[in-house]
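In what follows, chain A forms one complex with chain B and a second complex with chain C.
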Partner chain A sequence: MSTREIFDGRLEAALLLAPTAIVSLVFLYYPTALAFRTSFFDSGFGRVPEFVGLENYASLLGNPEYHSSVLLSVIFAAIVVVGVISVSLYLTFLIHEVDAGQGWYLISVIWPYALPPAVGALVFLFIFHPTLGVLTGPIEALGIELDWFNDGPQAFVVVALAAIWKQIGYNVIFMIAAMKNIPDALTETAELDGVGRLRRLVSVYVPIMTPTLFFLVIIDTIYAFFGTFAFVDLLTSGGPSNATNVLIFDLYREAFSFFNFGTASAKSVVLFLVVAALMAVQFRLTEEYSYYGA
Partner chain B sequence: MTTITLRNLRKEFDDVVAVNGLDLTVRDGEFLVVVGPSGCGKSTTLRLLAGLETATDGEIRMDDRDVTGTEPKDRNVAMVFQNYALYPHMTGRRNVTFGMNAGGSFTDEEINRRVAEAAETLDITDLLDRKPQAMSGGERQRVALGRAIVRDPDAFLMDEPLSNLDAKLRIQMRAELTQLHAELGTTTVYVTHDQTEAMTLGERVVVMDDGRIQQVDPPQSLYDFPANRFVAEFIGDPAMNMIDVAVEEGVAVHDAFRIPLPAGNAADETGSGSETESLADPDAGDRSHAVLGVRPEDLHLARERPDLGETEFDATVDVTEPLGDSLLVHCSVGDATFKMSAEPRSSLDPGGTVSVTYDSERLHLFEPETGEAFYHSATAPAPSDRIERVVTD
Partner chain C sequence: MTGAIQYAKRRFESARAAIGAETGSETPESTTDLGAAGIHFQLWLLAGLVLFPILVTVVVSTKQQGIVTSLPDLLPGTYAVENYREAIVDYGFGRFMWNSLLMSVVIVVGKLVVSVLAAMAIVYYRVPYKDLVFLFVLFTLLLPVPVRFVPLFQLMNDLGWSNSLLAITVPYIASATTVFILRQHFLSIPTSIVETAKLDGVGPVKFTLQVLVPMSRGVLVGVSIIMFVYAWNQYLWPLVIIDSEANQVAQVGLQLLQGDVQGGQLSWSLVMAGSVLTLLPPLALMILFRKPLLETFAIQQK
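After this line comes the complex of A and B, so read on.
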C-alpha cells in the first residue's frame, strides 16, 4: 500500500482534523466572538447583560487612566522587544564564537525559558527582592537603592528585566540556528579583511539573519503584550500606583477584580487591535528589509 | 611581493595529523599550486598560511617576519574560497570595499581608485551594482577575485576557486588567472584536487598525500620524473601503468616480456624532504622485485610506431575506449594489466592479440615497498630551480 492511500475518505480526514478544529473553536474562536459581543453590553457578575452599543468604547476613549495604560504597554513592549532581541543576539554571538563548553552556555541561557512564567516570576523575585534578593546586596553596593515595591520606575524596569530574561532562551534557540547557517567562509573572509567582531556581527551576521530576526520580533511583540501577565501579577500587581499596569493586567483586573465584563471585553478588543496594527507594520517592514538569500 | 617559508609545519586535529612536518619555500611572485587527493592536508596548509588555523608545531615566515602566531588580519594575505564567500546582502561594490572600509586604513579616494582599477582588470564594472544572487558562478568568482586584489595583499591564497564552475568556464577562468598573475606578479598559493588545473596553472606544483609533501617541481618535471609511485599515479590521466617485474642485468623481466632498460640514469633526488642519496644504476644491482611504470601514451601498437625499435611483446586486448583524439586500449599480458593509447581510428577487437612496443626513454622503476622511484630512463634535466632547491635544503 502506498502512503498516498492511507486516507480513503473525507470522513476519515474530517475525524483526524476534528480534535484540532474542536479545540480551536471552543477555546479560541468562540471566546473571541463572545468577547467581541460582550464588549457591546453592560455585563457584570450577577447582573443581567444590557446592550449599550459603543458606550464601553466611548468610556475607554475618555478615560485618561486607560490612555496611560495603553502608552505604558506600548513602551513596555518596545523595551522588552528591543531588550530581548539585542541581549539574545549578543549572547548568541558569544556562544557562537566560544570554542569550549558551547553546550553548557546554551543550556544556561535557555533554561529560564523552560520555566513556567509563574515560576520564573518567583525565581526573579528571589533574585531581586528589595530586602531578601540574592543580587540585591551587590546592586546596592553599586550605589543603587533597590526599592521597587514603592518606586514606580524601578518596578517597571524590574518587570521589564524579568520579561526579557524569561524570553532570551527562546530567541537564542532560533538565533543560534540562524547564525550557524552562515557559511564559515564569510566569517573567515571578514577575519582576513580585519573586520572587527562587533562590526562582523552587525554588518555581516545580522543582515543575513533578518528573516529569523523579524520572526522573533513578531513573536516577542506578542509575548510582550500577552505573555508577561504572570510577571506583573506576581511581582507588582500593576503597582506601585499603576506604574506597571499594562493592558493585559489591566483588563484582567477589570474582569476578575471589578467584574466589569463588558468594559474588560472592550479592553481586550482594543488590545487585540493595537497588537494587530503593530503586526501589520512589522510585516510591511519584513517585506522591505528582510534578506532572503539565494 | 613576499617569500613564504614553511619549516616543519605541523597541524593536528585531536588525534588526526592533517599536516605532517612541511618544509617548503614559496618564492617571491611565484604561482605555486598544491595538489593532492581529498584529506591530504592541502587545504589545511592553506588555512595555516592564512592564519585561519593555528599550527601545532613549526614555523611560517613571510619574508623576514615570523607570522606563525599572527592574526589573519595582520598577515596581509587575501583568500579566495571555493564557494566565493561573497556577502550575499551586499552589492558587488560593497563586497569589494567592505574589508577596506572596515580595516580603516584606506581613504575613500584610494578605495574608489583601487576599485575602478580592479574592476577594469577583471572586467567586472557592470557587476559592481548587482548583488551576488544576480550573478552567475563565474561572475561571482570574478568579484571575489576583485575583493582579493583590491587590497594589494602580499600573497593570494586560493582554495579550489574554480571547483564550483562548469567545465567550460573553468578552462576560461584558468587562462584568466594565469593572465592576472602575470599582470600582478603577486605570490600565489593555489590549492586544488584537479591535477590538470595544477599542471596548467602552476609554475611549480606541490604534490601532497597524507599530510606530507611528495614532490615539488615544475609541472613537466613532475610528469616526467615522478619521485614516487603516488606522484606517478596521481599526475597524468589516464594514470601510469604499474607492472611488477624483476630487474636482471639491466633488463626488466616479466613472465611475458623482457624490457631492456637504457643504462645509467638513476633517479636523482626528486622527492621533497627525503635525503639525497646516490642511487644505483639498474644494472649495478639486480632486484627480484621492482615496479615498472610506463604511461599509457608511451606504449604503442608496434605497427603504428615501427621507429621505436624491435623490442615488442604480445598482449591481449580486453576493452577499448575511444577518447576521440586517441583510443585507450586495456590490455593484459600474463597476470599484468595495463592501458595504452593507440591511433584513434585503429580497429582492435577485444580478445585479439596485439604487438606492443614502448618508448624506451620513458620508463620508470619504483621500489615495491616504499614506492620511491629509483630509476628513470630519460636523463633528468637539471633546471636551475631544482639545483637551487637541493642546495638550499
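After this line comes the complex of A and C, so read on.
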C-alpha cells in the first residue's frame, strides 16, 4: 500500500506543497473569508465600512427583485441541464451506433468544448438578430415575431439556447467514454431479445451510465449558474427588464455597477452555499453509485 | 485485366448470394441497414445544427458588410484579408490575442509545474495528515471565481496588481483539478517501477525527470490543453480587473466590438472576424491534441 511513499524528507514535501498552498490560501481561501466578513458590513467605494450585522442578508430576504433572480436562475439551470443532457445523450448514442465516420462525427459535435462563451454569445447575437439575423427570416416565416431585444421570455430562450449549444461538446466527451465502456455482451443480449435501438438506450445504457450522468448533471448545473456570465453580459445585459438577470449577472452588477460591496458579498456567500450544496450532492451520489462504474 | 474483371464478377456474385440469403431468412438485418442510413441522416442534421452557427461566422467574416438576411446570402465574400487585417491592426486584436496568449501560457506553465510538485508530494512522500492536505487542495473546487471575485478585486487593488498580467495569472496557479488528475495518474503507475527506482537510489529530482515525466507525457499534454482552454476562455475576471485597452484580453476585446456594432459604428463582418480569431487558438489545440485530451478526461471522472 504505502510502497509508493519512497521519499521521507518532510521539509522537502512541505516545499513541494508550498506553492499550491500559498496561492490557495492567499487567492482562494482568504478572499472567500473576506467575502464572508464584508457581508456583515455596509461597504462600498469611498465609504468607511460600517458593521451592520445580518442586515445585508435581511435585505436580500426581503428583496423581491433578488427573489425573482433566484427563481430565474433555478429555472434557467433546469432548462440548460435538461437540454444539454438530452441533446448530448441522443447525439452520443447516434455516434455510438453509427457504422462509419465515427471520428468525424465526434469532432463535429465535441468542438464547442473549446468555444469561448464570448464568441458563442456574439455568434448568437448575430444569427438571431431581430432585424439582421440569418435565422430571423425562417423563424418569422413560422409565424413567430422575433423581438427578443424587448421580449423577456424570448431573450431568456436565446440565452438558454446559446448556453446549451456551448456545453454539448463537454457532455459528449464524457458520455461517449461511458457508452464505449458498456460491455458488448450486453448490447448483443439486448439485440437477441429483440430490444429496439431507442429502448436499448433508455433501458440498458442509461442505467449503466448513471454515475457519469450524475457527474454531468452537477457539472452542468454549476456551469448554468456560473459559466454563463458572458452569454448574459453580451446578449442581453440581464434585460429586457431583468428577464435574464441570473444570479451571477446580478452579483456582478451589484458590485461593479452599483458598488455595494457589502450586499454583493452577501450575494457571493449565497452563491458559495449553492456550489457547496451541489458538490455535497455530487459527493453523496458518487459514493452511492460508485459500484456501478469502474 | 481479365483477371480483375473475373475477380469483380465473383465478388459481385458472392455479394448477391449473401444479400439473398439475408433477405430470405432474416428480415431484421435489412431494417438495421435502413436504420444505419437513418442514423447517418440524423447525425448530419444534428451535427450540422451544432456546426451551423460557426460556419455562418466564418462566412460572414469574409464579406464586406456582413448583412445576411436570408440563407442564399450565405456565400463567402472576398473581403477576408481586409476584414482580418482591420480586426488585428485597427481594432487591436493583435494586441488582445497576444495578451490572451501570454496569460494562457503563464497559467498553463505555472499550474503544470506547481501541480506536478504538489501531486509528487501527495503521492510519493511520507507526509503526516496526507488526507487532510489533499482535502485542503480539493476544497478549493468550492471556491470558483464568481464566489470570490469581489474581494479578490479589492485584494488586487491593495497589492497594486490590478491591470497587470500578475492579476490575471497568479490567482489561477493553484489548481485542484490538475492536482487531482495528476494524483490519479501517478497512482496508476505500477509500484514495481517506483520500487525499482528506490532500490537504484534515485533521488526526487531524477525520479521526476527520468521516471515520472516520461511516464506521464499523455496526461501532461491533456491537462495542458484543458488548462489552456480554461484560461483562454476566461471572461469575467479580466473584464473586472483589466481596464486599459493595452492590457486587455481577446474575450473582453469582443465586448468592445459588441458595443461598437450595437451602436452602429461597425460592420458585423468585422465582429465575426474578431470572433473567428478568438476561437481559433483553443479550437486548433483541441483538434490537434484530441487523443491525449480525451484520455485525460477519462482520468478526471474516476
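The criterion applied here is as follows: the second predicted complex is superposed on the first by the 266 of 294 C-alpha atoms of A that agree within 3 Å, B and C clash if a C-alpha of one lies under 4 Å from a C-alpha of the other, contacts with A are read in each partner's own complex, and residues count from 1 in each chain.
To be clear about the criterion, a contact is a pair of C-beta atoms (placed from the backbone, for glycine too) under 8 Å apart; a residue touches a chain by one contact, two chains touch by 3 or more.
Source: prediction; values computed, not measured.
In the superposition on chain A, contact of A:271 is made with chain C only, not with chain B. After overlaying the two complexes on the shared chain, residue contacts for A:50 are found with neither chain B nor chain C. Contact with neither chain B nor chain C is seen for A:147 once the two complexes are overlaid on the shared chain. Contact with chain B, but none with chain C, is seen for A:193 once the two complexes are overlaid on the shared chain. One of chain B and chain C touches more residues of chain A, and that partner is C. Contact with neither chain B nor chain C is seen for A:65 once the two complexes are overlaid on the shared chain. Of the two partner chains, chain C is the only one touched by A:34; chain B is not.
Once the two complexes are overlaid on chain A, the chain A residues touched by chain B in the first and by chain C in the second are 293-294.
Against chain A, the residues of chain B that register as touching in their complex are 50-52, 71-75, 77-79, 81, 83-85, 87-89, 98-100, 102-103, 132-133, 147, 151. Residue ranges on chain A touching chain B, taken from their complex, read 183, 185-186, 188-196, 199, 203-204, 207-208, 291, 293-294. Note for the complex: chain A touches chain C at residues 2-10, 12-14, 16-17, 19-21, 23-24, 27-32, 34-35, 38, 87, 90-91, 94-95, 97-99, 101, 105, 107-127, 132-134, 136-138, 165, 168, 173-174, 177, 197, 212, 215, 222, 226, 229-230, 233-234, 248, 251-252, 255-256, 261, 264-265, 268, 271-272, 275-276, 279, 293-294.
Interface of chain C with chain A (complex): residues 35-36, 39-40, 42-43, 46-47, 50-51, 53-54, 56-57, 60, 66-71, 73-74, 113-115, 117-118, 120-128, 133, 136-137, 140-155, 170-171, 173-175, 179, 186-187, 191, 194-195, 197-198, 204, 207, 229, 232-233, 235-236, 239-240, 250-252, 254-255, 257-258, 268, 271-272, 274-275, 278-279, 282-283, 285-287, 290, 294, 297-298, 301-302.
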